[in-house]
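Below you'll find the structures, each written out as structure tokens.
Next come two complexes built around chain A: one with chain B, the other with chain C.
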Partner chain A sequence: MSLLSVENLAVHFGTHAAVADISLSLERGERFGIIGESGSGKTLTALAITGLLPEGAIMAGSICIDDQPVPTNERAMARLRGKRIGMVFQEPMTALNPLMPIGDQIGEAIRLGDTGGVEHIELPMLLKEVGLENRHGQRYAHQLSGGQRQRAMIAMALASQPDILIADEPTSALDLITQRLVLDLISELCTRRQMALLFISHDLKSVGALCSRVAVVHNGRFVEVGGTGKVFGAPQQDYTRRLVAAAEFKMKPVTRPPIGETLLEVRGLTRDYRQGG
Partner chain B sequence: MSASRMIIFVLRRLAGFAVTLLVAAVVVFFLLDLLPGDPAQFILGINANPESLSQLRAQMGLDAPAWQRLFIWIWDMLHGDFGQSYTQNAPVAELIGERLWVTLPLSILAMIIATAVGLPLGILAARRRGKFLDTGIMVLAQTGIAIPNFWFGMLLVLLFAVTLRWLPPGGFISWGEDPVAAARALVLPSLALALPQASILARVMRTALVDVQGQDFIRTARAKGMTMGEAVWRHGVRNALLPVLTLLGLQFAFLVAGTIIVENVFYLPGLGRLIFTAISQRDLILVRGATIVLILAVTATMLAIDLLYALVDPRLLSGARQ
Partner chain C sequence: MRRAFRHPSLILGLAASGLFALLALVSLVWTPYPIAEIDIGRRFLAPSLAHWLGTDNLGRDLASLVMAGTLTSFVVAALAVTIGAGLGVPLGLAAAAWGGAVEWAVLRLSDFVFAFPAVIVAILITTLFGPSAVNAILAIGIFNIPVFARVARGGALSIKTLDFVAAARLAGLGNWAIAFRHLLPNIASLIIVQGTIQLSLGILAEAGLSYIGLGTQPPATSLGLILRDAQSLFLLHPSLSLVPGLAIVIIVVALNLAGDGLRDVIDPRLKHQGGTGVTP
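And now, the complex of A and B:
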């Protein structure tokens, strides 16, 4: 029995097919990566699975969790999402409500995700688990750093103790060092909580570091699916080969024309942010 | 949020408030001073002899230099003395005070009605975007904006006063004499004033909420387990209210200063009519005093809105609002 199974998923906008013929299955604790360029349909796939497709999108295919088709009723789907699936998005600044302290936002997720089980989740515990302190809970999104915001998002995703964590480009908006820290946190949490991970990214390195299986998506279709080492090590498809080649970063000695006169000069530049008044 | 930031913010706003009032007072003073028309001449008539004219001007303090009169005027106002009306032979402060008891309740009532009707309709339209209900509400709102409020006031009188006889067609009985009758006299005029305001509010609220529905944090709230409706209610409305708040301030200011036409339609002794009469009779002291009171009401509303903003939007105090 698969935790999550998707069969022949397709998403249309009018006559335009954004996602077509996508099938995947995810087992408990498994980490599955979806990789592809911007606009390839990876985010739409995640949104379709969670019932969060934008207005005007038409979906076909089947999505089952524990072999049960996901409900079509909006409220039932919302509750299922709240209790079984945790989600982390790309831009934590806009993904958090600017007018609500993040502790309250996480608290909301705890209440919505409460399955009535014995184990009771509390805010300080969650904050600690993602590497935040209690005082961070009283802050607003604009008062946190990018990494702290994403940690707050992760805390929110964990609040219901979900079986599946869907992370959609969770590090794209972060600097390199913070990216590393957030990826490590996600990896550690999945191991500790036995959570399945659906990791969506355009970054081969992070997919390689996190996922055991990967699907390469191009123009809304999976072009290659398999073990991460095999797909990236010996790509079978032309598109995958190009993707792998593009990801290799080599310092090439290039001959450049000699440098001419100064075009732009900057001296003693300062940028201050005056308090708005 | 540190308390000192809050205090600095409030002090800055208060200072801005005081400076605005001072500048407004100077402008109002000199504008009216430059106007043609001599109050002494107006009182004595065109056939008055020059001696009695200059005598009256000296008595009214009109012969002193302008800056001196300005200073005395502001100084007296700070002590609650707005001067004596030439034409009505009563203290200006008293005349304005009486009229404010009509205009302020009228504006507040109109504002309450406009908000209570406009905001829910805007929210409803946004939630049913593109559906029949949305189109219906927006057509109504468009009509509400297009209809002149004095004409709508007359229609209300025809229906509720003439045909149904539920409410008085006009006039005003003072609060002290009969509070119920006074309140009843304000119902129709405030409805007339509220119609265009409610329509504008509905439109702006709808647009703001439609914008907010596409925001990432609404998706986050849904990802947490909320339906679209719950997410919009919990997270969308408050965010959408930010642009609406500014509009509410402007509308209230407009209502306080702009009730004159409706006051005339309903024969209400409000501030608008007082100023109108005072201008036509060249009662400059009264015009000045009443104008300053209107400016005070408008700037005080803006101050209140600014302070409200700081309470609602935490980004404002840290200067990081995007």
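And now, the complex of A and C:
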């Protein structure tokens, strides 16, 4: 019995098919990566699974959690997705309410996810788990750094103790070092909580570091699915080969000598910003 | 906050409207003369120490009348704004949060109400219940509902596309909770600015309704009513019309200045320019 199984998922906007014929299954604790270029339908797949598709999108196919089809009824879906699925969004600045301290937002998610059982979670515990301090709970999103915002976002996703964590390009707005820290955090949390991970990214390195299985998506279809090492090590499809080749990092020697005189010269430049109230 | 004090038109607007509001409040407990006191013997007096703005055709003290009239104007306009925002904002939020049929219904309803200017609504209500200040409040309030509904919907639509609304929905929050906990605080500045502008329009509308006899009735008074009493004497005693007229103009201009200034100060697009220092 798989935790999440998606069969023949398709998403249409009018006559335009954005996602077609996508099938995947996710076991408990498994980490599955979806990789592809911008606009290839990665995010729409995630939104379809969470039932957050934008207005005007038509969905076909079936999505089952624990072999139960997800309800189409909005109210039942709202109850289900909070408890089973947690989601981390791409841009943490817009994913946090700018007018609410992040502690309140995480608290709201805890209240909504609270089943009244023994596993009652406390805000300080949750903040500590994602590497934030108690004082960060009183801050607003704009008072936190990018990495801290993403940690707060992860805390919100964890609040209802979901079985599946969907991370939609959670690191693409962060610098390289912060990216690594956030990826390590996600990896650690998935191991500790035995959560399944659906990791969506265009970055081969982060997918390689996190996921055991990977699907390559192109023009709304899976072109290649398999173990991470196999897909990246010995790509079978032309598109995957191009993707792997594009991800290679080579320093090219600069071969163009400067022509003529100096065009732009910068000396001891300083720019100050006055801090307004 | 400091930016607010660097905005001269906001200061001017707030100060002038505050001054008139204060005069209006003072009239609750004290006016130089009772406004209903008629004394034909002292009519058409020029401004003097005893009567600061002179007296009208019935010997009533004009300064007292203007003070009490300002109170009526402010109360009518404020209650109308309360009605408009109280009904319009939830309607607009519902339209944005639910979309689909709810949105269609709200928009068509506001189109329908928009088709009737406040004067037509006032005539309708007057035909049914007779003229009074309460009717003016209802007429202007009904006129305000679609204005607030549209502003709230427009603001909420742009907030709704942000990921934190999706995150809240994912956490299991319903439409009403999302509308009031996440959308409303983010559009509050828009509502406040619109409220200030509707307040000035309300004062103008109240003056208009009282002027054509559909609003406040004597012995109570309002700025429009004073103007109406004075109009037939305009050529003989122009100051009787000028005083309430100028009062209306100053209040409306002041409120508009305050509204524009408020918009500049709390515009969400300007908000992130100052004080966003990231603290570790």
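The rule is simple: the second predicted complex is superposed on the first by the 271 of 277 C-alpha atoms of A that agree within 3 Å, B and C clash if a C-alpha of one lies under 4 Å from a C-alpha of the other, contacts with A are read in each partner's own complex, and residues count from 1 in each chain.
Heads up, the rule we're going with is that a residue touches a chain if its C-beta (ideal position, glycine included) is under 8 Å from a C-beta of that chain, and two chains touch if they have at least 3 such contacts.
Quick caveat: nothing in here was measured; it's all calculated off a predicted structure.
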| item | value |
| --- | --- |
| Fit-or-clash call for chain B and chain C when the two complexes are aligned on chain A | clash |
| Which of chain B and chain C A:S160 touches, first, second, both or neither | both |
| First (chain B), second (chain C), both or neither touched by A:A109 | both |
| Contacts of A:P258 with chain B and chain C, given as first, second, both or neither | neither |
| Which of chain B and chain C A:G268 touches, first, second, both or neither | neither |
| First (chain B), second (chain C), both or neither touched by A:G56 | neither |
| Which of chain B and chain C A:L144 touches, first, second, both or neither | second |
| Chain B versus chain C as contact partner of A:G14, first or second or both or neither | neither |
| Residues of chain A that lie at the interface with chain B and also at the interface with chain C | 50, 52, 75, 78-79, 81-83, 85, 87, 89, 91, 94-100, 105, 108-109, 112-113, 142-143, 153, 156-157, 159-160, 275-277 |
| Interfacial residue positions of chain C with respect to chain A in the complex | 1-3, 99-100, 162-164, 166-174, 181-182, 185-186, 272-280 |
| Partner chain B, residues of chain A touching it in the complex | 50, 52, 74-75, 78-79, 81-83, 85, 87, 89, 91, 94-100, 105, 108-109, 112-113, 140, 142-143, 153, 156-157, 159-160, 273-277 |
| Chain B to chain A touching residues, read off their complex | 9, 12, 215-217, 219-228, 230, 234-235, 238-239, 312-316, 318-322 |
| Chain A to chain C touching residues, read off their complex | 50, 52, 55, 75, 78-79, 81-83, 85-87, 89-91, 94-100, 105, 108-109, 112-113, 139, 142-145, 153, 156-157, 159-160, 275-277 |
